[in-house]
Every structure is written in structure tokens, then in C-alpha cells.
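Below are two complexes that have chain A in common, paired first with chain B and then with chain C.
Our next item is the complex of A and B:
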């Protein structure tokens, strides 16, 4: 029997809430447990409500959990805000003075005067979170030794006095639980198998994946929620001989990527929607001039400045088509932190092999999500580099040669005999401006053929996630981080006796046509859950495959919950039993 | 004759598409002569341009050429230099490309002191799009989009580069080919961001502002006594109302972007270079 526990810690930003969650996650990862976290960020720069939710499991999980088993609230606002998400059988640990809503069947509540213990007994308000950690670990039966070891590491660089101070705070929290709260709660932290897992955020996984893929130059402009990618690389990439430069804006960043990549370096930028909008002219240049580039878009609530700290999946169509003219690019969409690592490597491989821009679409929730990753997956892959030639000093090099493969070998600047022009203007094989119809047609076909080749490339085969029952008549197609709640929804529906199958393509351009067509042939209803208003994936599927879809959209700045998807599944199930007349796509 | 052959080595063989009488021809010849005199290998030259008549130049030169998008000449050039510091990078663009749509990039390359040479062809007009005003067109000019006279004051490219802290700032004139060649040579030799404003006439759309005879009348070399580290004096010369000075206004030594990035790498590798596996520890 799988053992799962969903813990949420909520309070005021600056109180060390996130540290509590991260400590629990880190310890679990070391014991071989699976972790998926979700955290919200206050819109304010300092202060404001924040929370971190940690789901710990001894099985495989891909979502942070819907109902909370164990809720920790450090103030009244946090309680008011989060109490509704507590499971009927869940328990609450809160600051002693908090008022609780009236309930018919009250849940277990543990009240602790954290503030008083920290301020009066220890004499420092900032150790409050460690007191909470102590109480929480006692109630959940988390081994104290692991926590102490973790704190020792965390404060290794600080003085012994600071460590002692924290251990004291931890012990006071534990003692209070033992003496006043009856020791342990009914909730038990799962016990691990002992195989250590790596724990990282989506942004860290992307940065690490890029470093592993041989990234040499990174250019970027700060923007929430993507900045951590550049910040991580700024610290670590130079250790591997790579270069990181913050530019004056996103246009400069992507243009520097274009220049650096043309000069032969693997190059990348990361941004969010507003930055991708600014980059769109250069995306066309990269397509036209056939220059490899990796662009990460961590989507946030849009349009315009939108909701910078909230999650959304509303840049799909921008990623697919953003730029004037016919400008092919590949689009990848990781579904988990492990994917963030692996697909970043793939993004570089595709960019290099096919000489085109590759966009990776993640979102705020995935960027910030701490998740365990199997160390076996985090291996430096044998990286692909672009097909290049050494023309020799006598020249005769043709940059945009129209050959059978459509991939023209590259002579990197500095190569004797390879002098050539690259250009954003339509050009002949030599790179000279040409605007006759034959050339524009031949070159456009050449550039688009790459997408077809990507679709047939073993590198992109078997990328989609599949779950559920292959015989089910109700199907789900989703993308990116919505895969997690969809997977839980499929399981939940199965437990209610409704068979559902789901497919989650991780490459959205080109779509895995054969796989999707087979899927559509198997199902009667196609539910498409995603985090945007207009149903962008649903409309892409309708226009590409002429299939009816049932769009399920959400724009609340937070991920879809499995129960919301299950509601849609039940509707579909009911209509199946009623055998209603033919239904055509209801765009939500 | 031999000399001539040498410069021809730097021509791609593609015939320039500029109008007859366009000042850009003079610049092209000064540039290839400069490249010849430095004796650069064509394989090591990267010519980066934006969009406009000026930006067509790379097609005509034998080198690695990148014809980018309007206004983004400098960011692309910077990326090239960061990726491969061995290359001699020359950026070429018009006054509109560099000061209107792309005006936001100039201060930052100047700050970074990216080691490349930027030739800004100032013809005081948008040539490529056939005659709308540019940021350097004279006040009250009648252009296609200012039929009642232009109301924005003209900017001074050289003055801006001085204020932005470019470590090499010069002004040349397409007609003064020898001097221009010399400036380009010095600009390329300078370690750091070299900015050269090149006055050039658009024979089709602006024969007033850059009228050769009128410029010649006002043209004067930067005084030999000018101290190229004196920013205030450089600025005074660059904005002189009567004379148009040509020559070197500012030249100072500062670490380049490449130097800085090397320092960063050295600091990061203080405890030894790291392989991929060594980065995994932090996630345990």
C-alpha cells in the first residue's frame, strides 16, 4: 500500500515558512522518498502571505496533492486562507491564539504558542520556524537525527553558537509536542527505501540540464519566474568555462544568443511571456538564418505584465507561431522537474542538429517546484553538435546548400575557406538576397522540412506520457505541468469506476502525429485541461486533427486540481451513457 | 597594382546595390583598404550589420558576415565576440539603426567595453525606406514624414558615444578616404569598444545635411593638442556648432568585456574547474 502525506505550511513571507518545507523535502529526498512541492509567492517584494505544500510519498507522484493531511498555520490570515483545503480527516497545527471556524465534526487541532516560545523563551523571533519544525517533526515522527544533521550542514559555514541556537529551538519545539500535545499525531511520515534522490527546482533542473548539454554562453534579462535559471548559471557555468551575461533587455539577449551561436557556441536565454514577446522578431531571424538557439519561457499569468508570481499556460500559441512570416521552431514542454533536465538536453540537441530555435515552455509552478529526481536520470548525455564542415582554403563553401537532408553543413567563423553570409533576408544557397518565387518556395520548404524530420527523429520518439486504461472511451490530452493533476485525476476516476486514458505530448511542435491519431481513434471524448482562458492546446488539436474537444480551462494563477478534472470526466461519462447526439468541440 | 590586388582580396565579388553617388562606396573602399593594411585573414573577420543601406555592406566584403535585423547590430556583434574572442568583429549600421530603433544598446556596449569596432554610417536620413527623417536629421527638414518640417532636435552620435564612455570615439567622412581608413585601422587595433561615426551622403534622399561641399567647408581635423582622455573637451569638439571635427575624440584604456569574463571564470575556478558531476552535490 502506497503511503502519501500532504503537508502545507502557511504564514507570512519572511517567517522562514519555505525553509520548513524545504527541510522536510530535503530530508525525505535523502531517504529515497518522492517529493513534489508547490509554493506560492506573495506579489509584494517584502511580506505578504506565502505557503509551501510538500507531498511526500514512498511511491511515484507527479502532483503536489489536492487535500491537505497536515496543515501548519502561523497566523490567523494563513488559517483563514488555507483551512478550506484541509482534508476532512486532516489535522491542523497552528499558532495558539488562532480562531477556528465553527464545524460540525471538528478536526484534530494542535495549538502551540510558537511566537511566545521564540520571543520569550529563546529570545529571537527568527528562530520561530525552527521551533515549528521541531513540533512538526515530532508530530509526524520524522527522525530528529536527520533534521539535526541537515541543520548542521545548513549552518556549517556559520558559527557553532548559531547552530546550537537552532538545535535549541528545534528541541524546544519537540519538547512542547511531547509534553503538551501527546507526542505523535496519527499521521506518519512515510519511511524511505534509502536510495538517495536528488532534489531540485524546475529552474535548477533547466540550468543544470543546459550546463550538462554543453552550454557555453548564456544571455538573459531578469524576469519572474525565470530569473533563477540565469542566477544559477551565473554561479556555476563559469566553473565549467561557460559565460553568462545579463543584457540590457530581452531583445539584446536573444540577439546575442544568435551571434554567439552563429560563432559556434551553444547558446541559450531564459525569460517569461513579456520577454518572449520582445524576442519574437529575432525568433524569425533564427529560423530564417538557420541558427541553433534554446529559449526557455517560464510562463506566468498574462497578458502584458499580468500576474508575475502566478502560474499559467497561456504562451503556447506565442511559442508556436510568435513572429511574422512562416518561421519554424520546435517547442518542448516538460511535465516534471526530471523532464526539465532531460528536455533541456534535448532542446540543445534538436537546435544543433536542425539549426533552428527551440523553445521550452515551462510555467511558474514548475519553475519553482521542488521535486525529487532519480539520480539515474540526471546524467550528462552525449551531446549532439551541429553538422559542420572544413571547406579548405580554396573556398567554394555554400552555406544554405539545398541538399537532400535539408540540413546544410555549417562553416564556423574562423574556418578557412568558409567565409559566407547569413541573413534574415530571403536568400539563395550562398546567402545572397533573393526574392524570386522559386527561391522563397524552395527555402521555405527546406526550413519546414526540418520539423518533419524532427518528428521522425528517434530523439523525439516515445516522449509522450501515457496513463490510464487504453480501452477507455474518455481521453485526456494535456501538456506541461498539468500532466501531474491529470495523472491523479485519471487514478481518482478509476477508483470511482470510470475508465480514462491520457496522453501528454512533451513535444508540441511538431506534435507526435501518429501517436495522437492512434489516441484519437481509441477515444470518444477528448478532454483538454490547461491553464489558459481560450483553450490553446484544444484549439491546436481541433485545427490540426479536426477532432472535437472538450476544453477545460482555468485562469486562477494556480494549477488545476485533480477533482476539477474529475468533474469534467464525470460530465463526459454521463453524456456517454446518455449517448447524446454528436458533440463538437466546446471551447471553454 | 599589387596594392590594388591586395584590397580586392577583401571584396566578395558581389556588386554593391547602393545608388550611384552614395557615400557608402567610399566607406567600403576605406574599410577594405584598412583590412588589407592590417593584413587580417578574411576567415577571422566577422562583419555584423543591422538593416538599412549601410547594413548591406557585409555582402560586399569577403569575411564571415551576419546581416541581422533592424537595430540589433550591436547585440548580435556582442554575442559573436563573447563566443569567439579570436574574431575581429566589425559592426556596421546606419544612424537610424543605431540611434533610433537600436539606440538602447549603444550605452551598454560602451559600458561593457566589448572589444569590437562599430561603424555608424550617418547620412542623416533613412535611406533604405526612402527618405524619412532619422535621429540626426537637421531641425525643420522637410522629409517624407515631416512635410511641414522636422520638430525634433538632431542628436550627435559622437557626443553620445563620448558620454556613454566608449573607450575609442572617432568621426570620419566618407570622402576623406585616407583619414577614414586610418581611423578604422586605429579603431580595430584599439582593445575595447571603438565607435566611429562616419558622415556619408545619401545621394537619393538627403543631399542637404551631408552635402559634401558644405561639409568640406566646415571640416577640420581634431586639434593635435587635444588630449584624448579629456572627456569634457572631447564633448565640446564633438558638439561644435561651426566646425565639424574629424579624427579621434576619445581614447582610454579599460578592461574589455572579454577581460572581465575571463576574470569571472578565474574567480569561479578558484577551487579548480568543475565537471558536470561536481555540480550535483548541491542537490543531495
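Our next item is the complex of A and C:
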């Protein structure tokens, strides 16, 4: 039997809340358990409410969990804000002075004077989170040795006094739990299988994936929630011989990408919606001039400055169509941290092979999410490099040659005999400005043919996730990080006796047509859950395949919950049974 | 290009040759109760820009002006607009990150059109643009310089805390040499920010600003007088405020005063102003603060952990000192005219 535990720690930003959650996550990952976390960020710079939720499991998971088994609240505000999400059989560990709402549920409540222990007994308020960690580990029966070993590593570079101070705080927390709370709670931390797993955030996985794919130049501009990608690369890419440059804005970042890539180096930028909006014009240039580029958009609540620290999936149509004119680009959408790593590699391969911009859409929740990754997943196949020519072989170099494959060989600047002109103007095969109808048509067709070829490329085959029962009449199509709650929803519905099947394409431009058409042929209802107001994927599916869709949207700045998707599934199920009643008449 | 003229007098300056009469000193207004920002801001403990913004707004309100503020995305915008606005009776327009200068132009055009139609009287209003150093030196520079070049009336205040603090302390065009930020990390090979910062008053004067000034909340009289001058002088006026940031500078929250004093005495931050005489193609420069005692660059760097790496490297400290000295040499004629020995102002350091 699968063993799952959902823990949430909530309090004030700056109190070390995140450290508690991350420590639990890192220890679990070392023991071979699966972890998915979700954290919220205060919009304020310092202070404000924050929380981290950690789901630990000995099975495969892709969502951070809906109802909380074990809630930790360090102040009254945190309790008021989070208590409603606690499972009715869950347990609460809170600061002793907190008031609880009146209710009848048999929840267990542990009160601990964390503030007093930290300030009076230890003499340092900043140790409070380690005291909490001690009490929590005792209640959940997490091996103390693993925590001590973790702290020893964490403070390896600090003095022994600091480590001793933290171990003391940990022990005081443990002692309190043993002496005053009766030792362990009924909630048990799953036991691990021993094989250490990797634990990283979506942003780290993207940066690592890019470095692994041979990224040589990165250009970016600070923006929440994508900044960590640039920050990681600023530290590590130079060591690998690469170059990171922070530009003065996003327009400059993507134009520098265009320059670097044209000059022959793999180039990338990362941003969020406002930045992608600014980059739109240059997306067209990259399409027109056929320059490989990778652009990561970590979506946040929009439009305009919107909700920088909240998640949303509302840039899909911008990623697909943003820019004037007909400007083809590929769009990828990872569903997990493992995907963030792998699809970044694929993004470079597609960009290089097809000489066009590739946009990767993640979102705030996925960017910031800590998740275990199977070490097998972070092995990349050999990278694809762009088709280059040995100039002079066929008597003069033609940059935009209209050949059968549609991919014209590239000559890098400085290649003798390969001198050529690259332009954002419409151009003929040589790159010279041409605006006659034949040239514009032929070149547009050439550029769009690449999307068709990407759809047929083995690199993009079998990318979609499938789950559920293939015979089910109710289908779910979703994208990006909503795959996690959708997978849990399918499982939940199955446990209620409702068969559902789901498909999650990881490439959204071009869509995997054959796979989707087969899926649509199998189902009667198509539910499309996503985090935007207008139902962007739903409208894309309707316009592309002329299928009716049931759009399920949410714009609350947090991910969809499986139960919200299940509600829609039940509605669909009811309409199916009404229909069959109509067809066969009411029995009895 | 313009000719450089120096004001021989050093210190707070109520006068401007661009104005028929001096502006009032803060004390001369008497006990008029004015608030700049209202309560409830969510700035960090020890934040300098809240105080600076407050003083600037107060100065304008003392003049009886209705402030129309265009605020660019940044720390100041975030901490004064969360849940509740702290802008009181100010009219505020939060625009996009790159657009503060352009929004000012829009406001000014509207004011002109509406006043032509007799709908408003322009004297009642002051157009104020506020942005951070990221929104000024980097993404907003094009809009800012274009606004200055158009010669339109208004005040642009840059709250310079020397990096993108709101998004996690990434370096900006105003980040000091050697500072450790998340995008200019201090490592074994590359030691923090390798670029030296740009200077807004230089950029603004090159674009044609009527008035430029630097200020700091510690010297609030100087700051408020400068804001009032900017409101009275015709054409684009640009003021840059030194904004202490404990979060990003990794300094203690209670050394606001000490850090600012060290910045001024080490000449990392120089209080001055420049007024443009368009007809004669001159800019008159006034030094508003004379360092009290010679302070080395190292002493300034000591209070801030963002410099903890570079402090250990003699070459880097020397380079930082050289940057400061080079910039300070601009004031040599003024110091000499006042018979100030080099030692007294410590500029041989």
C-alpha cells in the first residue's frame, strides 16, 4: 500500500518556514522518497505570510496534495489562513497561544510555546524554526540522525558553535515532543527505499538542462518568478566556459540572444509574461531570419505587472502567436521538474535543428516547486547541432536555399566564402530584400513547413503523458503544471467508480495532431482544466480540431485542486447518464 | 557639450538663477501639518526610500501643489501599494517598468490640452515621476532620456538603492563596483560586479535636463529644497536619491544614519546640483555638502556585507577608491576657490 503524507508549514516570511519544509524534503529525497512541494511567496520584499507544503510519498507523485495531513502554524494569521485546508482527520502543531476555530472534527492539536523556547531557553529567536523541526520530526517519527547529518552538512562551512547551537535547538524541540506531547503522533513519515534521489526546483532544472544541452551564452533581465534561472547560470555557466550577461531590459536580452545565436553559440533567455510581451517583436525576427533561440517564460498572474508571485497559465496564446505577421515558433510545456530538465534539452535540439525560436512555458508554481527527480532522467542524449555547410562546395553560398527539407544549411560568420546577409525584411534565397508575392509566399511556406516537420520528428514523438482508463468516455486534456492535479483527479474519480482518461501534450506548437485526434475519437466529453480566465488551450483545441470542450478555468493565483477537476468530471458523468436515460428510457 | 561653471559657495542652496526668487526653506513654512506618504507602507526595516519619497512629497505639498505621480514598477511601488495605498491625496499612476518617462509625457500633454480647453489650471499641478535605479538606469533609460530631450516640465526622482532589490537583489546599471548581488556573485574567479556604475545626473545633463541634483534623506532640508526648486524650474528636472537598503546591502537595519554619513564623507555619494543656462550653454554646479573628515573607501565598504568579499582584496579596494577620487576631482576648482587644503577634505586619500 502506498504511503503518502502531506505536511504544510505556515508563518511569517523570514522566520525560516521554508527551511523547515526544505529540510524535510531534502531528507526524504536522500531516503529515496518522492517529493513535490508547493510554496507561496509574499508580495512584500521582507515579511508577509508564506507557507510551504511538502508531499512525501513512497510511490510516484506529481502533485503537492490537496488536504493537509499535518499542519504547522507559527502564528494566528497562519492558522486562520490555513486551517480550512487541514484534513478532518489531520493534526495541527501550532504556537501555544494560537486560538482555534470552534469545530467538532476529531483533529489532533499539539500546542508548543516555540517562541518561548527559542527566546527564553535558547536565547535566539532565529532558532525557532529548528525547534519546530525537532518537534515535528519527533511527532512524525523522522529519524533524528538524518536531520542531524543534514544540519551538519548545511552548517559545514560555519563554526562548530553554530552547528552545536542548532543541534541544541533541535534537541529541545524533540524533548518537548517526548515529554509534553507523548512522543510520536499517528502520522508516520513513509520509510525510504534507500536510493538517493535528486531534489531540485523547476528553475534549477531548466538552468541545469540548458547547461547540459551545451548552452554557451545566456542573456536575461531580472523578473519574478524566472530570475533564479539567470542567478543559477550566473554562478555556474562561467565555470563551464559560458557567458552570462544581464541586459538593460528584455528587448535587449532577446536581441543579444539573436546576435549570439547567429554568431554560432547556443543562446537562451528566460523571463515571465511582461518580458515575453516585450520580446514579441524579436520573436518575429528570429522566425524571419531563421535563427535558433530558446526562450523560457515562467508565467505569473497577468496582464501587465499583474500578480508577480502568483501562478497562472495565461501566456499560451502569447507564446503561440505573439508577434506581428506569420511567425512560426515551437512551444513546449513541461509538466514536472524532471520535464523542465529534459524539455530544455529538447528545446535546444529543436531550435538548432529547425533554426527557429522555441518557447518553453512553465509557471510560477513549477518554477519554484522542489521535486524529486529520478537520476536516470537527468541524462541527456547527445545534442543536435545545426546543419552547417562547407561553403564553396556547390558554387556559392545561399543562406535561405529553398530545398526539399526546408532547412537551409548555415554558414557561421567568418567562414570564408560563406558571407551572407541575415535580415528581418522579407528576403530571397540569398537574403536580399524582396517583397514580391512569389518570394513572400515561398518563404512563408518554407518557414511554416518546419513546424510540420517538427510534428513528424522522432524527437517529439511519444512526448505526451497519458493516464487513466483508455475506454473511458470522459477525457481530460491539459497542459503544463496542471498535469499534476489532473493525474490525481483521474485517480480520485476512478476510486469513485468514474472512468476517466487524460492526455497532456508537452508540445503545444505544433500540437501532436494524430495522438489528439485518436484521443478525441475515444471520448465523449473533453474537459480542459487550465489556469487562465479565457480557456486558452480549450479555444485552441476547438479551433484546431472542431471538438466541443468543457473549459475549467481558475485564476486564483494557485494551482487547480484535484477535487475541482473531479467536480467537473462528475458533471460530465451526470450529463452522460442523462443522455443514456433519454436514449434507453427510464427503467422501472 | 556645455560649459561648466562652478558656484563658489558650498552648502544648502535656496537660490537658482533660473528662478526670480529663492525657494522657501522648510522651516519657513511654519507648523503646517503635511503628510507625504500616509501610514501602512510595507518597506523593510531601515529602508531609505520610504523616507526619501515621504520628504519629496511633503516638499511639494508645502508648495500647495497637487501631485500627479507616475510611479514605475519597483520596490517603492510595491511597498506603497500593497493592500492599501500610502499616497493619500496624490494622484498616482503605476505604469509599466520601462515607461515612467513616457507616462510623464502623457500626463504633461493632457495637462496642456486640458488647460487650453480651460478645464484645469496648470500651476496647480506638479508632474512627478518616480522609479528605482533598475527602472531608471536599465529598462527605463530610453523613455527617461526621450522625455528629457523633449524638454517637458516635470520632476523625475530616481530612488537609487543600487540593485533590483524587490526581485531578489540582482545587479543594475547603478550597482557599485565589487558589490555582491545574485547576478554579480562574488566568486573565486569573478569578484562581484566588475562594472563601475553609471551616474544619472551625467546622463540627464547630456540629454538636456534643466536641473539635476543628488540628495539623501539624511539631509532632508537639502532634499526638500531641491525638490521644490525642481518643481519651480521650467523643463525636465532630475533628482537622484540615495536609498539605503539593509536587505540588499546586507547591512544592519539601524545604521541608516551611519551608512549615509560614511557615503558622504567617503565621497561615494556627493550632494550636488547642476542648473542649465540654455542661452549661454552653461551648467552651473553647486556642491551642497563638504565631507567633514577624510574617510577612506574601505571604511564605507565596512558597514555593508555586500562588499565583504572585495574588502579582502587590496586591488579592488584601491580601484573603488580611484573611482571615487576621479569623480571627486571634478570639484577641485571649488575647493581651491575656498582655500580648502587637500588634507581637510581628504581628497588625496
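For this structure, a couple of remarks:
Here, the second predicted complex is superposed on the first by the 573 of 588 C-alpha atoms of A that agree within 3 Å, B and C clash if a C-alpha of one lies under 4 Å from a C-alpha of the other, contacts with A are read in each partner's own complex, and residues count from 1 in each chain.
Here is the rule we use: contacts are C-beta pairs under 8 Å (C-beta built on N, C-alpha and C of every residue); 3 or more make two chains touch, one makes a residue touch a chain.
Quantities reported herein were computed from a predicted structural model and do not represent experimental measurements.
Contacts of A:304 after superposition on the shared chain: chain C is touched, whereas chain B is not. By the touch criterion defined above, A:17 lies against neither chain B nor chain C after alignment on the C-alpha atoms of chain A.
When the two structures are aligned on the shared chain, A:48 is found in touch with chain C, with no touch to chain B. After overlaying the two complexes on the shared chain, residue contacts for A:259 are found with chain B alone; chain C is out of touch. Chain A is touched at more residues by one of its partners, and among chain B and chain C that partner is B. Looking at the shared chain after the overlay, A:249 reaches both chain B and chain C. In the superposition on chain A, contact of A:222 is made with chain C only, not with chain B.
When the two structures are aligned on the shared chain, A:196 is found in touch with chain B, with no touch to chain C. Using the contact criterion defined above for the overlaid structures, shared-chain residue A:238 touches chain B and also reaches chain C.
In the superposition on chain A, A:6 contacts neither chain B nor chain C. Looking at chain A, you'll find residues 235, 238-239, 247-249 touch chain B in one structure and chain C in the other. For chain C in complex with chain A, the touching residues are 42-45, 73, 75, 78-79, 82, 94, 96-98, 134, 137-139, 141, 164-168, 170-171, 173, 182-185, 187, 189-190, 247. Against chain A, in their complex, chain B makes its touches with residues 12, 14, 41-44, 46, 48, 51, 58-59, 62-69, 72, 74-84, 86-87, 104-105, 107-108, 257, 261, 264-265, 267-269, 273-280, 283-284.
Across the interface of their complex, chain B is touched by residues 29-30, 196, 198-200, 204, 208, 211-212, 216-217, 219, 235-236, 238-241, 243, 245, 247-249, 251-253, 255-265, 267, 281-282, 285, 289, 373, 375, 378, 380, 413-425, 431-433 of chain A. Contacts from chain A toward chain C in the complex involve residues 43-48, 221-224, 227-228, 230-231, 234-235, 238-239, 244, 246-250, 274, 278, 304-305, 308.
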